[in-house]
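In the two complexes that follow, chain A is the common piece, with chain B as its partner first and chain C second.
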Partner chain A sequence: MKFDSIIIGGGIAGYTAGLRSLEAGLKTAIISNGQSALHFSSGSIDLLSHTPTGKIIRNPKVIFDKFTTEFPAHPYSKVGKGTVFASLKWYKNELTNAGIPLLQQDNGDNHLRITPLGTLKSTWLSQPYVQQLPMRLTQHAIKRIVVVQINDFRDFNAKMVTDNLLQIPEFTDVEISHTNISIDGFSGLKRNACELRSIDIARILTDEDEIKALATKLTAVATPNDLVILPAITGNGMGLKILNKLHSLTHLTFHEVPTMPPSMLGIRLEETMIDLFIKRGGMLLKGDQVTHGDMAEDDGHSGELTLKRIYTRNLETMPLTADNYIFASGSFFNKGLIAHHNKLQEPVFDLDMNNHEERNTWYSPQFFADNSQPFLSLGIKTNHRFNPMLKGKVVNNLFCAGSNLGGYDPIAEGSGSGVAISTAYHAVNQLLKNTKNSHLQHIASDSLA
Partner chain B sequence: MDLVSTRFEKCIKCTICTVYCPVAKANPNYPGPKESGPDGERLRIKSPEYYDEALKLCTNCKRCETACPSNVNVGDIIAVARGKFEKKKINPKLMRDYILSHTDLFGSLSTPVAPLVNKITDSKIIKTIMDKTVAIDKHKSLPKYSFGSFRHWYKKQANTQSQFERQISYFHGCYVNYNNPQLGKDLVKVLNAMNIGVKLLKKEKCCGVPLIANGFHDKARKNAEFNVKHMTDAVEQFNTPILSTSSTCSLTLKQEYPHVLNVDNSKISNKLEFITSFLLREFMNGNMPNLAPVNKTIVYHTPCHLERSGLAIFTIELLRTIPGLKVIVLNSECCGSAGTYGFKKENYEVSMKIGKGLFEQIKQANADFAITDCETCKWQIDENTDLETIHPVSLLAQCLSE
Partner chain C sequence: MGKVTRFNSEVLIIGGGATGTSIMRDCALRGITCILLDKGDIASGTTGRNHGLLHSGARYAVTDGESARECIQENKILKHIASHCIEDTSGLFITLPEDDLDFQNTFIDACASASIDTQRLTPQQAIDLEPNVNRNLLGAVKVPDGTLDPFRLCASNVLDAKNHGAQLLTYSMVKSLIRIGERIIGAKCINTRTNEQFEVYAQEVINAAGIWGKNICHYADLNVQMLPAKGSLLVFEHRINDLVINRCRKPADADILVPGDSISLIGTTSEEIDYKDIDALKTSEKEVNILIEEGAKLAPILAQTRVLRAYAGVRPLVDVGGGDGRNISRGIVLLDHEQRDGLAGFSSILGGKLMTSRLMAEMTTDLIANKLGNTTSCSTHLQQLPGSVVINNSKPQKTVFTTKAATHRHGQNAVATFDQSTKGKSIVCECEMVSVGEIEYAIKQLDVTNLVDLRRRTRLGMGSCQGELCTYRASSLFCDFANCSGNESSKLLMQFFEERWKGIKPVLFGDALREAEFTYWLYEGLFGATDINKLGEKQADKEYYEI
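This part shows the complex of A and B:
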């Protein structure tokens, strides 16, 4: 079967590429091996919180030019400032228009969000009920924080959040406490309520009466002047509707934090992107996996390779073909990269990696070291267009995007989703240059402008 | 310890399966696939006492497996555990489960007297009685039987079919044989228009899926062995592909036999093919029948088992080859019927809750027909929306230009 573009991988990079590809009028397929790591994510979009050398970044846009000069091999430097910010603006609009508003600081600064551990992390775009604290934390306006423990719910620990928040010097004058609330619906269950995960509670909280009961209990423990920290326990296909309802009933200021998997905040992003992709005519191959592909020497470009076709587990002998392919297969966790005893491998095409060193250089022995873990920066070696290489030969119609790329550390830098979105967006711009269709080239030049 | 029982070790406890479980979504008392599958399996290996009766709430839709990022066969683990540990209680529900699941037995009894049976099962009084006695929900209409089976009709065609140089073998399944022979006839018409003749297996029994779902694993295994034998004979004798028009029969023959029933189908596995996959490949190789343009809009629903097989792409691309047809593909969700599940009084409410989202999507699509590859999805959509639901092959048959 023939497509204009096929995207391998259904995570934030894959869906971004898929949506952009559809937008350019291309016949597009995404192959997704199960749901993505967004289910374990904060649901905020990180752009750049720290430099690779560990310096805190307040405003990514302001330092961007300096950053690219200093770290020319970083994916952001290859994508370029214009496309990085255009891609994030595009992503923000897409999700916002589809009912998941992504908000940011007016001055383009990062903001701090309170994590499930009660620590602070900086990010760039957040959902409406994630409280955005200023990077200059002394300027925060919080008077009182109430951390809500849902009785029997084991994936969130209000006491720990409270204890950690109390350690933050800028919160010395803030009154911080935690309180317990029960959910009425738990009592009618035939199951033990302590077995419930966030998604189970989200399902109970689709009931009108349950929401009203919860609202009453919340109003009893907090006032509209407080910041009320809630575990993220709403969603399940209803996006933010339940939280909006809870807010309108209580007038409280909520801050929702993701819990142990699954993260309702991340699920909202993935659900929304899948829905858009299918509605706009994209072909989604769910629960399938690319096993291998056929490469051939490209006639036009001496010494380069072209990916001719790919094979999947479910389609067996029936290959899929496309003019261009985007490879957004994820990192080690997603099996987009594999660590063997003595080498790192990209398992689908066996593409060249950006590292040949000994195993003991992949990691630092301190798991929770302050500096980054080297393996997080390991990945597929690519050229300036993000084309990978196979035994030194460029594959000119395959474009890498997201966390299978080497050369950056999503965790230490706080750059994972930003790199995913911008490299995917960039990849579609690049593949449009490969296409001979003049109409599409027109779109490409528009996007690049 | 066999292969299936240790497969849970790939589970990383991420709970994604439970997010996509239609039953857990509609019924908070169902522990969900993670607890029922990989989590529970660890305990059940320790002692069968840990078997939880709530596992019978699983519809075997396999959406957990489609969603799982670690490729754990969550649904298989649950199905195997049910086969091993589920205790059959002697009560009227057992009789109901027997009737609902033994589709070929009751099909062969009913088709000769179909008009009478249909009239009886359709009457309000009988529905109320069935609701009160054997707990078949009174809101449901039992599937209508056809007056005369597909095999019976085929007998007269066998000669004509054997004239074609190219042949396929058709596993028609109970639905085509007893409920909707027209679909089988449509298939013959479409394949004949492509110069391909249709053979039937010498004999076939129900693929076994309703038996698995209702806990009659021994009977299902017997059927599987029977079918594998006859499919092997067909392959050895004629070397034909074996095609199925039912997404569920197809998944069962190919995947459930080895994974759930432990029946080896490896000799014929690569010959088993779902109809739309076969047709699309033929079309792409230039063997496409003449199709008259249709000025219609259809809304396509992907059945759970086709989604799990990963073959929906074939049906969708096939539909897109029909000239003039506007194809709306829905973001797939379970219809709630899940085979025999939705017919049961104790499941009816949950079944409707599961299907609600799909019915809404279909209503909003503003289409002329709904298209789906699964018979029980068809019944469910027919019953709960205003659209007539037809199989892609029947649509193709209607589009053939004379």
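This part shows the complex of A and C:
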């Protein structure tokens, strides 16, 4: 099968690249080996919350130039300010138009979200029922917080959230309490309700009567002036419809927090992107995995390599070909990178890695270390266009995007989804430059402007 | 200054390992009142950091006949009194092409003189019994080795002792011994969790603190030389062997592969360390590599199996010669300090092994009982431990997996008391089938104060997910059953992952790294766990990046 572009990997980077590639009019395929890390993500889009040196960033745009000067090897520095912010704006519009509005602070600041542990984490775009607390936290307008415990649901602990929030100095004047609510539908189940996960509850809460009953119970414990913290237990295949309904029935201000996996907030993003990709004519090869590819010396550029074709587990001997390939295979957990006891490896093409240090440099002494875990910054070595290298030779029609890249720490910096979106968007811009079609080149230069 | 709490008892036992808890039980069964102290949890020292091998004695038969005889004797006793802690797997001593097959005869003869049953097998017979054994073996000898869960053994000793009036104080560290003239009459202690000070007075103080016993002797101005030897082991994700596999040669590094519940263990290395390092044991990358390479010679599949974690323990070797390092004993060392040093009311039980812990307790309690004028004889070799007693029930029982797993862990008697409601029966840890009811029982009855203790009692978080998802659920149960605040329970969660991290770091590659990345994404990326310790900091006081 022949495509204009093939994207290897079905996470946030892969789908961003896929959608952007379709938008450019390219015949596009995504090969996805199942569920992505979005299934345990916050569903907010982090752009840049901390510097690699641990300083807090209030407004990513304001400090961006200083940041790229100070950290020239960071993926953001290679992508460039224009493309980073254009890509985020594009992503926000795509998801918003598809029914998942992503909101941000008017002044372009990051905002703080309350986590499932009752701590605060900074992010840039959030879904509508995620309360955005200002970076200057003393300016918050919360009077009272009610944390809702769903009876028997063990993947969210309201007492933990409450007691930890009570320790935050800026909330000294806020009344914070937790309350228990039962879901009627638990009683009729054949299985033990205490073992339900968020997605099981989401299925129960697709029923109109269940939603109404829940709304009545919520109204009894909170007023519209309160912030009501709810575990994210709605939205399986329905996006935000249930929450919108719950909101219109109660007029309460909700703050949804992700639960132990699966995270409904993250699933909403993934489902929405998959739907868009298929609806717009993309070819999704789900549950398949690229095993290897054929490289050849490029005739045009001396010393460079071109990826000719790739092979997958399901299609075996029948290769897939494309003009350009985007490699968004993820990190160690996704098997985009493999750590052996004596070396790091990129398992599909055996691409050169950024780091060859001994494995005792991959970790911090403490697990929850202030300076994070070094293994999070390991990844594939790339040039300024994000082309990887094979034994030192650039592969000029393969572009890396997302968490298989090295040189940044998605968690400590709070840059994971921003890097994924912007490098994927950037990759499509780069591959358009590789094509001879002038219409497509026009799109590329547009976005680069 | 508040009043210092005082405890009184006939006997004070210092150290809650296999030896200490066995003495506790022995005393209690003889009607001697006792209090046991441990600076941490029970079985948190050397006891919980070995193979969990129920030796037949065969390993020592050639080099140390006395240890071999002690082992086989205790092996038979433990199979009777602690059946719920034991899996009677049998063991193989295999001869590989690089080993001397003639050693088999020496080995079998030595076993015979120690009264250890042996059965010589052809390579094919060995492979039929244990399909994952190295198929290049030249021969094998089958012996009555098995597995012994040290956590369960200690918990059962304590449970039985408490049923007979004994008292356990965990997280209680001895700060000094109380002395009047030439007699020790008790100990000044501190609770390491609350920093509360207290005193325990006793007619006899027993030092059963293993490698830490040197410090306890030091408090009595006595000198006992101990030579700490570190042994490292690796835990594999699933059970790759059903029989214990040993090399039929003189004991060396990484030549015992032991199955244990849902996992397998390879060990050990041996390395002398400085006494000051006994509380900060680390498994080096070199040790990990040796364990994998040597272990793969016993069962080649080991090299392809995910390593869950590494851990290390310290062998409590005693230099009975008085400090010049020439007379080191691996055997049992019982020191009556009244006789040895003229200091009454104080004895030390040192050296020995997990296998001989009951015997060590019998010897010690005999000595102490004699001093106290108690004439009741030892019955620990006859009376079954609580979990080991099988209730005969003619009615067929509807068993669920959690009940089955918990019955193995705590015995039928205990499981019968678990909460049988829907909530009580719900599963918290799916890898090891731990229910809410079992956790409630462990928190309320088995002196569990945190998630790490809970792991030792129930195996929660020991399976292939390493506590990824279940510890969050379990942490909230500490709010329900231990009156923890939400803040305290979130700190328990972090403590668990920090403790786990110690064992994962040396093997941070392959799936262990994948799992660690997932845990970090979840607990730090999604949950923001690191900030739990900084909740009191004002946002405005933090360091910002400005232009």
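Please note the rule applied: the second predicted complex is superposed on the first by the 449 of 449 C-alpha atoms of A that agree within 3 Å, B and C clash if a C-alpha of one lies under 4 Å from a C-alpha of the other, contacts with A are read in each partner's own complex, and residues count from 1 in each chain.
Convention: a residue touches a chain if its C-beta (ideal position, glycine included) is under 8 Å from a C-beta of that chain, and two chains touch if they have at least 3 such contacts.
Predicted, not measured: the structure shown is a model, and the values here were computed from it.
**Student:** Give one word, clash or fit, describing how chain B and chain C relate on chain A after superposing.
**Tutor:** Aligned on chain A, chain C fits beside chain B.
**Student:** After the superposition on A, what does A:Y363 contact: first (chain B), second (chain C), both or neither?
**Tutor:** Second partner only.
**Student:** On the A-aligned overlay, A:K279 touches which partner chain: chain B = first, chain C = second, or both, or neither?
**Tutor:** The answer is first: A:K279 touches chain B but not chain C.
**Student:** Identify the partner contact of A:P261: answer first if only chain B is touched, second if only chain C is, both if each is, neither if none is.
**Tutor:** Touch partners of A:P261: chain B and chain C.
**Student:** Looking only at chain A, is it chain B or chain C that touches more of its residues?
**Tutor:** C
**Student:** In the overlaid three-chain picture, which partner chain does A:D163 touch, first (chain B) or second (chain C), both, or neither?
**Tutor:** Only chain C; A:D163 stays clear of chain B.
**Student:** In the overlay, answer first, second, both or neither for which of chain B and chain C A:N33 touches.
**Tutor:** In the superposition, A:N33 touches chain B alone.
**Student:** From the overlay on chain A, compute the angle at chain A's CA centre subtended by chain B and chain C, rounding to the nearest 10 degrees.
**Tutor:** Between chain B and chain C, as viewed from chain A: 90 degrees.
**Student:** Output check: A:E195 vs chain B and chain C. Expected answer is one of first, second, both, neither. What do you get?
**Tutor:** both
**Student:** Give, as a whole number of angstrom, the minimum Cα separation of chain B and chain C in the superposed three-chain arrangement.
**Tutor:** 5
**Student:** Once the complexes are superposed, what residues of chain A are shared between the chain B interface and the chain C interface?
**Tutor:** Overlap of chain B and chain C footprints on chain A: residues 37, 40, 195, 261.
**Student:** Mind listing the chain B positions that touch chain A in their complex?
**Tutor:** Within the complex, chain B touches chain A at residues 13-16, 18-20, 24-25, 28-29, 31-32, 35, 54, 65-71, 270, 277, 280-281, 284, 307-311, 313, 316-317, 329-332, 357.
**Student:** Spell out the part of chain C that touches chain A in their complex, as residue ranges.
**Tutor:** Those residues of chain C that touch chain A are 285, 288-289, 292, 422-423, 425-428, 436, 469, 472-473, 475-476, 479, 485-490, 494, 497-498, 500-501, 505, 508-510, 513-514, 516-532, 535-540, 542-547.
**Student:** Applying the document's contact rule, which stretches of chain A touch chain B when the two form their complex?
**Tutor:** Within the complex, chain A touches chain B at residues 1, 29, 33-37, 39-40, 185, 189-191, 195, 197, 199-200, 203-204, 236-237, 261-262, 267, 274-275, 278-279, 281, 283, 285-289, 312-316, 318, 334.
**Student:** Using the touch rule from the top, collect the residues of chain A that touch chain C in their complex.
**Tutor:** The touching residues are 37, 40-42, 50-51, 54-58, 62-63, 65-67, 112, 115-121, 135-138, 152, 154-155, 157, 159-164, 166-170, 192-195, 258, 260-261, 263, 331-333, 335, 338-341, 358-360, 362-363, 365-370, 372-373, 375-376, 410-411, 416.
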